[in-house]
Amino acid sequence: MNETVDARIATLAKAAEQQLVYDRRDFHKHAESGWTEFRTASLIAQRLTGLGYEVLSGRDVCSPEARMGLPPEDILESHWVRAQHESADPVFLESMRGGLNGVVGILRNGVGPVVGLRFDIDALDLAESEHPSHRPTAEGFASIHENVCHACGHDGHAAIGLGIASLMSELRSEIRGTVKLIFQPAEEGVRGARSMVAAGVVDDVDLLLGHHLVTGCSVGEIFPGMGGYAATRKMDITFHGAPAHAGGSPEGGHNALLAAANAVLNLYALPRHRNGFTRVNVGKMTAGSGRNVIPSQATLVAEVRGENTELCDSMYERAVAVIESAAAMYGCTSSIRAMGGAGTADSDELLARRVQTIASRIPGITFHTMEKMGGSEDFTEMMNRVQANGGQATNIGIGADFHGTHYQDANREKVLAAHTGSYDIDEGALAFATRLMTTVVFDLMKYPKVT
Amino acid sequence: MNETVDARIATLAKAAEQQLVYDRRDFHKHAESGWTEFRTASLIAQRLTGLGYEVLSGRDVCSPEARMGLPPEDILESHWVRAQHESADPVFLESMRGGLNGVVGILRNGVGPVVGLRFDIDALDLAESEHPSHRPTAEGFASIHENVCHACGHDGHAAIGLGIASLMSELRSEIRGTVKLIFQPAEEGVRGARSMVAAGVVDDVDLLLGHHLVTGCSVGEIFPGMGGYAATRKMDITFHGAPAHAGGSPEGGHNALLAAANAVLNLYALPRHRNGFTRVNVGKMTAGSGRNVIPSQATLVAEVRGENTELCDSMYERAVAVIESAAAMYGCTSSIRAMGGAGTADSDELLARRVQTIASRIPGITFHTMEKMGGSEDFTEMMNRVQANGGQATNIGIGADFHGTHYQDANREKVLAAHTGSYDIDEGALAFATRLMTTVVFDLMKYPKVT
Amino acid sequence: MNETVDARIATLAKAAEQQLVYDRRDFHKHAESGWTEFRTASLIAQRLTGLGYEVLSGRDVCSPEARMGLPPEDILESHWVRAQHESADPVFLESMRGGLNGVVGILRNGVGPVVGLRFDIDALDLAESEHPSHRPTAEGFASIHENVCHACGHDGHAAIGLGIASLMSELRSEIRGTVKLIFQPAEEGVRGARSMVAAGVVDDVDLLLGHHLVTGCSVGEIFPGMGGYAATRKMDITFHGAPAHAGGSPEGGHNALLAAANAVLNLYALPRHRNGFTRVNVGKMTAGSGRNVIPSQATLVAEVRGENTELCDSMYERAVAVIESAAAMYGCTSSIRAMGGAGTADSDELLARRVQTIASRIPGITFHTMEKMGGSEDFTEMMNRVQANGGQATNIGIGADFHGTHYQDANREKVLAAHTGSYDIDEGALAFATRLMTTVVFDLMKYPKVT
Amino acid sequence: MNETVDARIATLAKAAEQQLVYDRRDFHKHAESGWTEFRTASLIAQRLTGLGYEVLSGRDVCSPEARMGLPPEDILESHWVRAQHESADPVFLESMRGGLNGVVGILRNGVGPVVGLRFDIDALDLAESEHPSHRPTAEGFASIHENVCHACGHDGHAAIGLGIASLMSELRSEIRGTVKLIFQPAEEGVRGARSMVAAGVVDDVDLLLGHHLVTGCSVGEIFPGMGGYAATRKMDITFHGAPAHAGGSPEGGHNALLAAANAVLNLYALPRHRNGFTRVNVGKMTAGSGRNVIPSQATLVAEVRGENTELCDSMYERAVAVIESAAAMYGCTSSIRAMGGAGTADSDELLARRVQTIASRIPGITFHTMEKMGGSEDFTEMMNRVQANGGQATNIGIGADFHGTHYQDANREKVLAAHTGSYDIDEGALAFATRLMTTVVFDLMKYPKVT
């Protein structure tokens, strides 16, 4: 009987291919970065409604206070207005005004497990390649928005989410339990997950699945349980002093630039930790107004990381002491604004093994293990909540390496790297991922259970 | 006979009043900051030509290499184009393209001393007050250029220069020698004088006169010999490193922000000097690109000062050691761009006393002495060259405190301070200064000499 | 009649010459540095007693709490014991135990002004030259105490004080008022005056005279009113952290060395002041215990100075902020111990002129004016108290340049510089100073007054 | 037959017990720290000679140039003289003068493998506990040398070395090959191994065995292959500037303290490394001379570490750039003196397994594995040389936890910690280690081979 459903899912996924590519390219063309995914999110909500899902959006799924790294209000507003002119769904758009761009689609059928799936949907603040060998450029679906593009595959994630929504809708009568499709804004900079967690979106989830398209391996290769994400806290730090004429009153004012320079040195001098790796970086500094004025303001764009949440938090606490003391040293005040943050999490081995067992029914699949991710990913915030509630979670890596022609072969790897303007994916991964994830979800919820 | 000419000059200056106010307001309305005085300078050149002066401009009076603190080329070009649409003189404009905005008008009559007069003509990069009690706003001659305004009286200096040009033209046959009217760009930031000195503009000058309208004292009060200017060197410092992913390769790259922060601390830590006051300021810092990228570039906007040229140069040399070592510390390179500079100079006592003797013939005049100016002024560059050649130089302060109504009496002093957007002058100073300076120049050159 | 007394004083001073030289050499040989002048002070007290003076010592003239820069207790004790073996006066010694080394000798005769004279008596912690051309070495009166010597003339000051004591005792019946001879410990490092001021020693003084032997001018040359001393505050700063194994627990402990290094940088970076010169120096730093231990303790030996007391205090306050913030930055605590301090003071012009008028009766005398002393001197503490009470004070410089043979002529100036181990004085200055000061004091107190 | 020899070795070891304890206590009582092991080394050489070994010492086994962290010459000399009075061997002593304290004993019998054993013999600069419950104190064999004691078990290592020498001498005829017993000075601070390696001592060694007594496990427990030592480089850094009077010439001199403070901050700010852990510590700083003198000298006692040699060297190179640049910043020079250094090394698995196989014939033995040592040990220098030459090396940990009575049970672990003054070992480990190591060495060299 499994075979039968497996085969039906395969067929459905195959049939969805064209739509998947269409959706991915539509999202790609109208790329929207963190907290401005007004068009993307409202269209997803519209589609889920059409597929019979109960749909929640805006304030119902995003806690406004828990959002981090929000763009300025005028940007939020102008992008919201822009979405209106790019065929966004007007009803859902209203609920998302000001940066409440999460969407949750719910499909229930009787009593059974609540299975959550998370899809991140934001693009990056990055100019897309205009090179003729870059496929989106060549085929006319490159981002029409200046300095924003999908260079991390979230356009694909969103399309796959809709694909799964469609397939599960077809299979609805054969499952018991609740499917929760969670479309999350602002994953880049690890800014959005915490807001949806704070809104309670995963509080009832028993089994949580994430997935990420990865380059470096091809369609058909998967990592059933990724983990070891570094914990990180991102912050914008402002020093406020007082100006004075530097030539005439060198002793006047309170030098915020000098306070900030002290903070920089001592942030880098934060001690290493015996229990694992730690990181600190001050990526940007802007300070002062005029050559002959004691600078009264300075801003640092910084982050700390740790091999685990505890190390990260320890770095953060020490950083706060450095910042506040550096300010006090020059009679300045300081303020720290949280711009992003995510803890560590590991996939549950049990769930990852179930995924592998189920997935191994798909012919030609290859499995990989990945010990440490190194980078950060705020899906960990959802994983942690589910695991704390006694549920299980896993994040699945899905190969999507693009084999099309590129600038030059020698340069290929660099050109296709995530977070560069010439990134691209193998669109074959869209149907594959849809089939894989649907197969897994169905198996987790199918009724009657056959072990 | 002196009386007769003195009286004639008084009459001529009185008659010029309306034109002086007109010119000052025209320059005020079309304020142009350093190296972009295309309209101002070309119209001055046009007028001098009309008055019978031999006129030099552009490359003939500005050494391109010796210019400091030039704006970016696109700014220079767009302001040059703008001047075309604001009735600039097309012929002289051509000579000034790219920031060669000096003008020299020469009037010769027989053999005698070469008397130079310098007028600085640039405005400041500063938004003008839009308050209804600010006279330029109330009477419609506020700057039409965004974020540029005459807040240091150079509009008046330019008008006075034209007034003197007109009067001396009338008196031409009664003098022996050469009058050289030097209109200098980019005094603010002490960027322009060196360029005109390098072009040889004051090489033949025997007696050099500068003047500056000063607030804090009224029309009729003068300082015949100002001096004690602080020496200063202004520099933009760039640190070049190499980027790296801060989380993934913390040991990679070369951290230019960290190098710059080290330079900042140690620039402020440069030792005091037993021989007099010194100053150092880092007014601005900009560094880095992204939160999680090792910053590969940093820029500091800085300056040093000294009670005299030697102290200033000593500070500069130590600053260079700090900057280069801070760069080396993190495997970065550094470059320093001279953005302005002027040495100390003192007015020649002999010439200042001659000015006072001559000026005392004008009824109701009051004289003041000023020991130290504290601030910087690049007229010193011209004074030094003339003094080095055996000539004499003096800079004359001319009271121009405005007594019109202002926002509120309590705030009056602050509102009228130089280098603020609500600065204004007593326009009565225009005719007074024209009369004063013409009387002095005539006396220095009159023929036959009557002691 | 003046002539008569002047002549008598001249004769008495001449007669005292041998004793003066003997005393100076005795003090020189038994040099004692600040707060350990047990032998010196007790012998002075003994002598004053013999001359009929009322003598106060120990706690009566030194406030224990107001002493600064005290050596460790074991040093105080061992030097006190040493004095016992070098023929110190046992009775007075008892009163001085633990560093209460001030002595005041009082001579009263009827109602009249209280005239105070201050003599500083401490040596320097410095090894004396052992070169055969150094006179104390050649003639056997070099310091017998290791690393202590009189290299600033205080041996002479003490001898002159005793000389004046002897002469005034002879003239007692001819004066009206009170003579107060104040012998002060620990002038070096400006540590002792505040303690005697706090004990009220100068509270009743109407006219206060100080004097200092100066090199660079010869016997017979004097400065009747020295002034313009820089204000200074000297401090020992300690940072307390917590140790940890640097390899095994790099994140452990609290790094006091790192906190101190931050303080050093930022102390030097304290801003200059528009109102006059300021200084800051960290002369010594000692920190840490072992190579692989996070340092838990650090000490800085530092000082600030200012052209006046206000500037000095402003520097001090900013220094405190830097120190406390640097400690807080690394979770350390800090403590600051006052090691010395003296404000600015100027000699009263009126009194200095009186001194000059009186002194000019001595044949062959030359007068000099000195505008700024630059260095510090804690006689200012006494001057300030007397001046605040409505009295007058002046400090008199007395030429004492030594013209004997020295190492080599070329090197002469350097060899004889104060605060070097080869410093020496012209002993002719002893009798001259005794005569000069006695003449002045007598004139200020003589009865009946003849103007 | 193995059994037979094994049993004979067991018997010989048993018989050696008393001598082993005597030797350990004798070395303990005459504790000598790094490069001053004159008595210890000369007596070892004397004993080896008596046992029929060919003995090399001094310059033959220590390259003078490759020694690191040598004490001052006067210390070396006074300790050398002291050894003469403590019954050192006069002949060998001569060869060791000035700190050439290595000894190598060679025993040959025919053609076969060269098996090296290394024993470190130095004590620590640390005061021994005087508590009556500390056994060496209670039983009268505590160190008679002030502030030096054996707190790391090297007294035991030396005794065991002599024990093995004695047993192997008995077994000489039954082996084929060469036994090389290497007694190394100055292991503490990883200062001595490099000097013996540079002298070629291990160049011909095929199989190299080290051992270390360890607390935390008892006699009978062993680690056949320890490894994962952190690489480290220890350095004393001196900054040389020029003095000046801080009040009178603040701009004079070159501030070495300020340069050093900059170096400190930036050493701690050296970036972390993606490839593993790194460490940096400045354990001590001493700078300057007087409060009012610009400091002309500063010294830092520092070290870097890395998870492997490459990481350590990378830290070192960056540290050098920081140090040299910090010096240049203030016109100072810097010099770095190598005070110790050792790379990473891992025991060869093959040899460790052979050791385990052989050792398992001793009844009651327990084996442990240790993945990472964390600390440093300069036996790695010898291991690396042997491994580079194609040989094999292993370092064997031997349980020696002392179970005697101590201050208080609660405190026990702390009291017995290595590198504390109350450290002690179970002397039962001496005979056990002698038996174990002899069994292993014999098996590696026995003839005829029986597999």
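Should a chain be cited, it is by its letter among A, B, C and D, assigned in written order, with residues numbered from 1 in that chain.
The definition used in the following text is that a residue touches a chain if its C-beta (ideal position, glycine included) is under 8 Å from a C-beta of that chain, and two chains touch if they have at least 3 such contacts.
Just so you know, these numbers come straight off a predicted model, no measurement behind them.
Contact with chain B and chain C alike is made by A, D. Counting C-beta pairs in contact across A-D and across C-D gives the higher total for C-D.
Centroids of chain C and chain D (each the mean of its C-alpha atoms) stand 54 Å apart. Per-chain Cα centroids separate chain A from chain C by 72 Å. Chain centres here are Cα means. That of chain A falls 52 Å from that of chain D. Annotation for chain B: residues 248, 250, 255, 258, 262, 265-266, 268-269, 271-272, 279 touch two or more other chains. Considering their complex, residues 265-266, 268-269, 271-272, 277-279 of chain B touch chain C.
Considering their complex, residues 189, 230, 232, 234, 246-248, 250, 255, 257-258, 260-262, 264-265, 268, 279, 281-295, 298, 301-303, 305, 339, 374-376 of chain B touch chain A.
Residue ranges of chain C in contact with chain A, taken from their complex: 248-252, 255, 258, 262, 266, 269, 271-275, 314, 321-322, 324-326, 328-331.
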